[in-house]
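Order as written gives the chain letters A, B, C, D and E; numbering starts at 1 within each chain.
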Amino acid sequence: TDLEVTHWWTSGGEAAAVAELAKAFNATGNKWVDGAIAGSGGTARPIMISRITGGDPMAATQFNHGRQAEELVQAGLMRDFTDLAKKEGWDKIVRPAGLLKSCTFEGKIYCVPLNIHSWQWLWLSNDAFKKAGVAVPKNWDEYVAAAPALEKAGIVPLAVGGQAWQSTGLFSVLTVAIGGKEIYQKVYGDKDAKVAAGPEMAKVFKAADDARKMSKGTNVQDWNQATNMVITGKAGGQIMGDWAQGEFQLAGKKAGVDYTCLPGLGVNEVISTAGDAFYFPVLKDAAKTKAQEALASSLLDAKTQVAFNLKKGSLPVRGDVDLAAANDCMKKGLEILAKGNVVTSTDQLITQDTQKQLEDLMSQFFANTSITAEEAQKRFVAIFSKAG
Amino acid sequence: MAAHTQPGRPNQLFRNLNSKIASIPMMLTAVVIFLGGTIWTVVYSFTNSKLLPRLSFVGLEQYERLWDTPRWIVSIQNLATYGCLSLIFSLTIGFLLAALMDQKIRFENTFRTIFLYPFALSFIVTGLVWQWILNPEFGVQSVVRSLGWTSFTFDPLYNSDIVIYGILIAALWQGTGLVMCLMLAGLRGIDEDIWKAARVDGIPMWKTYLFIIIPMMRPVFVTTLVIIASGIVRIYDLVVAQTSGGPGIASDVPAKYVYDYMFFAQNLGQGFAASTMMLLAVAIIIVPWAYLEFGGRKRG
Amino acid sequence: MLNNVSARAQSSVSIRELSLSFGSVKVLENLNLDIHDGEFLVLLGSSGCGKSTLLNCIAGLLEPTEGQIFIKDKNVTWEEPKDRGIGMVFQSYALYPQMTVEKNLSFGLRVAKIPKAEIDRRVARASGILQIEPLLKRKPSELSGGQRQRVAIGRALVRDVDVFLFDEPLSNLDAKLRSELRVEIKRLHQALKNTMIYVTHDQIEALTLADRIAIMKSGVIQQLDDPVTIYNKPKNRFVAAFIGSPAMNFLTGELAEEGGRAVFRTNGVSFALDGYDASEPLKPGRKVTLGARPEHIKVDGDITGGEVHEAIVDIEEPMGADNLLWLKHAGHVMSVRIGGARRYAVGAKVRLAFDMTMASLFDAETEERI
Amino acid sequence: MDKSLTMPAISVAAGSGQAGSRLKAGPQGKRPRKTLSSRNIIVYGALGLAALYYLVPLYVMVVTSLKGMPEIRLGNIFSPPMEITFEPWVKAWAQACTGLNCDGLSRGFWNSVRITVPSVIVSIAIASVNGYALANWRFKGSEIFFTILIVGAFIPYQVMIYPIVIVLREMGLYGSLYGLILVHSIFGMPIQTLLFRNYFVSLPEELFKAARIDGAGFWQIYFRIMLPMSLPIFVVSMILQTTGIWNDFLFGVVFTRPDTYPMTVQLNNIVNSVQGVKEYNVNMAATLLTGAVPLIVYFVSGRLFVRGIAAGAVKG
Amino acid sequence: MLNNVSARAQSSVSIRELSLSFGSVKVLENLNLDIHDGEFLVLLGSSGCGKSTLLNCIAGLLEPTEGQIFIKDKNVTWEEPKDRGIGMVFQSYALYPQMTVEKNLSFGLRVAKIPKAEIDRRVARASGILQIEPLLKRKPSELSGGQRQRVAIGRALVRDVDVFLFDEPLSNLDAKLRSELRVEIKRLHQALKNTMIYVTHDQIEALTLADRIAIMKSGVIQQLDDPVTIYNKPKNRFVAAFIGSPAMNFLTGELAEEGGRAVFRTNGVSFALDGYDASEPLKPGRKVTLGARPEHIKVDGDITGGEVHEAIVDIEEPMGADNLLWLKHAGHVMSVRIGGARRYAVGAKVRLAFDMTMASLFDAETEERI
């Protein structure tokens, strides 16, 4: 049976990873019909939602973990996979357990978690630092200190793409790294306006201000173009999720040799557990409904998980798979995960609405130097004081 | 005239029946889609609908938030700046080109094709090309720099203060050809004798255009204005393709705000509130005009 | 072509060997014309014969391909229209629609930087002459056709020029207004005494207004003469047919001699040509066309002399003051104009006689008057 | 101007012989004009400059699409390609990937044709009948509907997506080609109806009256009298709709499914699926390929377009 | 309004209490009109008076607001145009540009699904009558104006109807063609003998063609009579001024008695009213307007009787067959028509006398004829 699967994985590494999913699914005797929509979730999600609400749903679709599909589930448009989950014992294999929880609504499971992504990575180009004549920094402060030297060598110290979600993500990374796990949890999780307005956060904004200065001259839009600047040594570094690793890999770069990765910016080795999940709209066609189950199990299949996550650069959602082939950075991530140094991702903590407002603030902050850190913090507080 | 049996006036509903039947698509579109859709939008702008429309009313909350949002204010300002400039420049450039084309020049067809072809391209394409040309690393800036002016800076798409002009350049490139065409058609429709009279009166060419011809072309300007203005209000694709609203939110426009909040932020209520504000602005300007232009007047 | 060189000295407008072609279409060819000072010259011809083209050449709105134009003995062939000392009035009025009447009148003067007081004086004078003072503050769209045309004339008037050019100024008006404005233009000419060149295809306008009429056909002037000559002694058949309403009757036949008298013979019937003022001998056997205007054919009581024939009434067209009878005779149908009070029944028999002193004979080949 | 040069020999002869000519000395015939008069310099100069502004992007697109990536990275965008390669065109047409599909634009091309042709036909058919009814068969209220329609032209499409999704869902047309045709007809209707209405109003009313006396009804008059006279406006309308629908992205992506995505969606996918560095040459080739159909339409029928606009569109 | 009820039986078209408004503008109000079988009725009036509106109501192209229309004694007020048994000819010809002449003629018949043979017969007959057989294969754009109008008439002809409606059919043609086609339409009526309603604002057409003329002013019929009556006994001043070209002269003054005779006195000068055919007693002191047509004022040699006054020539307008003199007398300027051959210099003294049997007196207030 042909199943149409929509997603927004179109960059090189992502596409290669999707190919693995398709391969695994096609092996079950069905056919993966690829419905990629380029241009990130912002472009793709309205289309997916329109099609689901318009009564012409695809068979499966990507969403981020968390609250993006909440209402579709509520409206009964998504398929309930509780039975399959019980049969295959997803609660035992999926780790951390929070992932499956975010697929659960009123006790029923509506999605299949696919991978774990964490935002908390600083990617550094060894070449760039060599060229600038400074040592590859070990943490955020060293990095900030090295910025002038990089600039002098004609290298952009920090690559930040123009898309709003990149600066917003960067800021959340700074919050965890500079502010710490508690502050992060209080602000993003509890929406504590007082903490948001506090001195700890002011420090975070100070760091964001530094990042803003360091990012001047990036002039690219897409995250992977920014990553590409790091790969080619045009930029010193980039704060980006572990998916950036896919790009390094595709470019044939070796962790530790060509590039360096610092989880938690080398300050606070904590990672957040965001990720992608697949949702399955309710279909009328019986054969397709059946095939949906095949797809769901194949997604969680241990082999698929390994193949997919290796290509994608993310971590598998199963704790029981062998990732011998993983590179240094990935292994570092697995270690942190094993230690339980995790925070819930922003996708799960805040609504899309709040997320969008944050993005508006952050992208404006990074683009426009006339907004001071204090001003930005004030607006930050305002957003959280109203957030639900 | 009681002597004659007066066959009653036939039922008004069935007079002109074919015309009414043939107009059903138009009536349905007007009422269901445009009017119904608008009312629907307005109604839901008073709710706190998120991903899916829900009738849980929250009063004016969405509007309060809307006017509190810096991004919305920036969008409005951008639209105002872009709208004014785009109107002025489209009309001026379009008219100037049309006036030049009207000088009995050679290669008129060639020039016209050159000016008109961008109109055949979508905003997406237009945005891409101009993003490329205005890119400081490859485009105009780097070319000029490589010619020796190393301090030359021209990076409208990466400078918050002037990004809207970068979009304007592309928009004018795409749209002025059509304006030129409309103006040219208008110029050609002007009585030859007016030109002759002006020449006999010894009125210089530019004064003739300014004081006589332009005022005579009012209907053409009105049509053109409608076309340009409807394009301005709706501008979206070009911004997305060229800057995605960036840098930051510097080139944001209302239509993009609406779209982002409806689909990205999954806050339909907020998106509808913004739409309603846009519709309101349009209605205030357009409805009286449209009524005068098409409603009140009789045939011709 | 028609005037001798000596006339040139006193002429107000002279056109020498003028040719004009649009691409390959020759509209005017080797045209010569001298217009005297203070003369009212009417250019008359059917649509498309080149009248407007000629007028536009004189005004400088079209460039001739060949030839010269003199105004007041100055060669203006290459001058700008504004420097030629002409004013022009157009059929479509060509008023500037968004300006008031006053602005319309003064716009050219203001552009020419003429002092304010002088402008006011001229506008006052022109609007006085044309009686449009009450309209000065109105816009053209608020005026009737006749008022608009008056303003258009005013715009030429304020220019204080020697030569006025009119291009069918009355064609867009209805019959009543047309005849009213016709009289006004005539008065204007009598008062101002400047040269006027007036294009029309309405022969009544031509006949009533002109000092001389130039009848044009496809770019060539057929006859240039005063109205009476044109009417009574048309140079050729074209002119004869073009002028006169109801139109001249034409009977084709040939010349013959009967009893020593020249006669015109058609379909076996002969008409004596006694009294005909021929410019050459009437050779028998020559194929000719006899032209007689409806008022120069007499019926019944009006007959004062000449040969009397009998005809049958085909149609009667009462036109108020006159009555037009269409009579059948010798295989021809001819129209005869009689008083409006005299009525005939269709099919009635009438006697008719030609007034040969007023008739014209044309060669069947060349169509020139004999 | 040197008069001795511009005066032809004939005027010299005129002085000698009476019969030769009646011309006097002095200017005659056409005023000589320098080809490089200041007027010409201004007119052609301005037109040339404007033409440059309009042509540069096309030039950049073509040139870039013919360069290899290394050359693009080095050189400037205006320099002509040192080594012409058609690789990007091949790639854009047949190989560029979006997700797992690596068949470039080729698939989208036929989808676009399949969408554009019926949409243009249906929307023009509806709009022309509407315009005809509005111009010749007015009924009470017809102007009100028309006014709503015109105001509708100002509504941003994004705002209407939700209501339309709901309407199409209720009609069961969502996701089908019919649904998309309907959407294009709806959003093309305001401007198209305006064009047709203005055109039909400008036709002599007496023609319509004559046909009614001849006993022709609503449809007979439309098909046998009005249609054969409306070529200019049909051309305008066809050009506008063809380019509009061909270039549409939003409806194409929202109201179709991946196997029927039009070319613009493919283009967006190719351009936005950045794999490593942006392949500008492939993007430009894809852009040109996508724009080719409307461009050809304009190059071929631009003259008719202007004539049609003059025939009816500009009359209020 | 004007005809008694007994006429109704034989009438071909009857209009009863017809009113029509466009929005708030009342164009026609309570109009009554009976047109006899086979009559040629001309609707005459200035532009915008509602002639076309009335014709369109009869044709069914406009819906009356009130009232009824009968054709051949059938109430057709709500019938479709095609079912009314009418044919219509328009000023702009309104030929279908994409069809050949033949197709143009047969379109209505084909729409009505009439058998092919019958269509051919009717087209052949119509084109025979109008002599347009050689044009049948051409398109309208390849025809001259006169030919086009002939085809337009043909289109009405093939419909084989009882009533023909013409809306200024000749206005777009030049003077020559106009008079030619006028004669043809007259012939056509004589041959077909069906009812014709003909709208025009050209009085010559009205006078020559009509059996009866209805003169309209702002939607109201002023006078409905045969042409001679309309011309000689106009019901009111409007009709008098509207009909006749050159227009009637009007002198305002008052009635008086001098030596037992009724006289008309103006600016201190008196004109005896001997021979005037008054419909009511001529009471002295009543303010009146004297109307005299240019051909009813005699000058110099033409004077056969009546009081003789002296006047001065103001302007002379030669029009070929006639000569129009504008004479100044007693503070009035009046036009006088004399033969084309008699010429006067401007300023010359002439003697004039009114032909009071042909004059009209109008009450100054009501403007009705006395």
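One rule holds for everything that comes next: contacts are C-beta pairs under 8 Å (C-beta built on N, C-alpha and C of every residue); 3 or more make two chains touch, one makes a residue touch a chain.
The shown structure was predicted, so the numbers you read here are calculated from the model rather than taken from an experiment.
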>> Which chains sit in contact with both members of the pair chain A and chain D?
In response: B
>> Looking at contacts between chains, which pair has the highest count of C-beta pairs?
In response: B-D
> Just how far, in Å, is the C-alpha centre of chain E from the one of chain D?
Replying inline: 53
> chain A to chain B: how many Å between their CA centres?
Replying inline: 38
>> Averaging over Cα atoms per chain, report the distance between chain B and chain D in Å.
In response: 16
> Taking each residue of chain C in turn, which ones touch at least two of the other chains?
Replying inline: none
> Of all the residues in chain D, which ones touch at least 2 other chains?
Replying inline: 161, 268, 271
>> Quick check on chain A: which residues sit in contact with 2+ other chains?
In response: 46, 53
> Where on chain A does chain D make contact in their complex?
Replying inline: 4, 6-7, 9-12, 15, 18-19, 22, 32-39, 43, 46-47, 50-51, 53-56, 58, 222, 224-225, 228, 247, 250-251
> Inside the complex, what are the residues of chain E that reach chain D?
Replying inline: 56, 59-61, 80-82, 86-88, 90-92, 94-98, 107-108, 111-112, 152, 155, 159
>> If we count contacts the way the header does, which residues on chain A are in touch with chain B in the complex?
In response: 41-42, 45-46, 49, 53, 68, 70-72, 74-75, 162-164, 219, 221, 351-353, 355-357, 360, 363-368, 379, 386
> Within the complex, which stretch of chain D touches chain E?
Replying inline: 204, 206-207, 209-216, 220, 224-225, 228-229
>> Can you tell me which positions in chain D touch chain C when the two form their complex?
In response: 21-24, 26-31
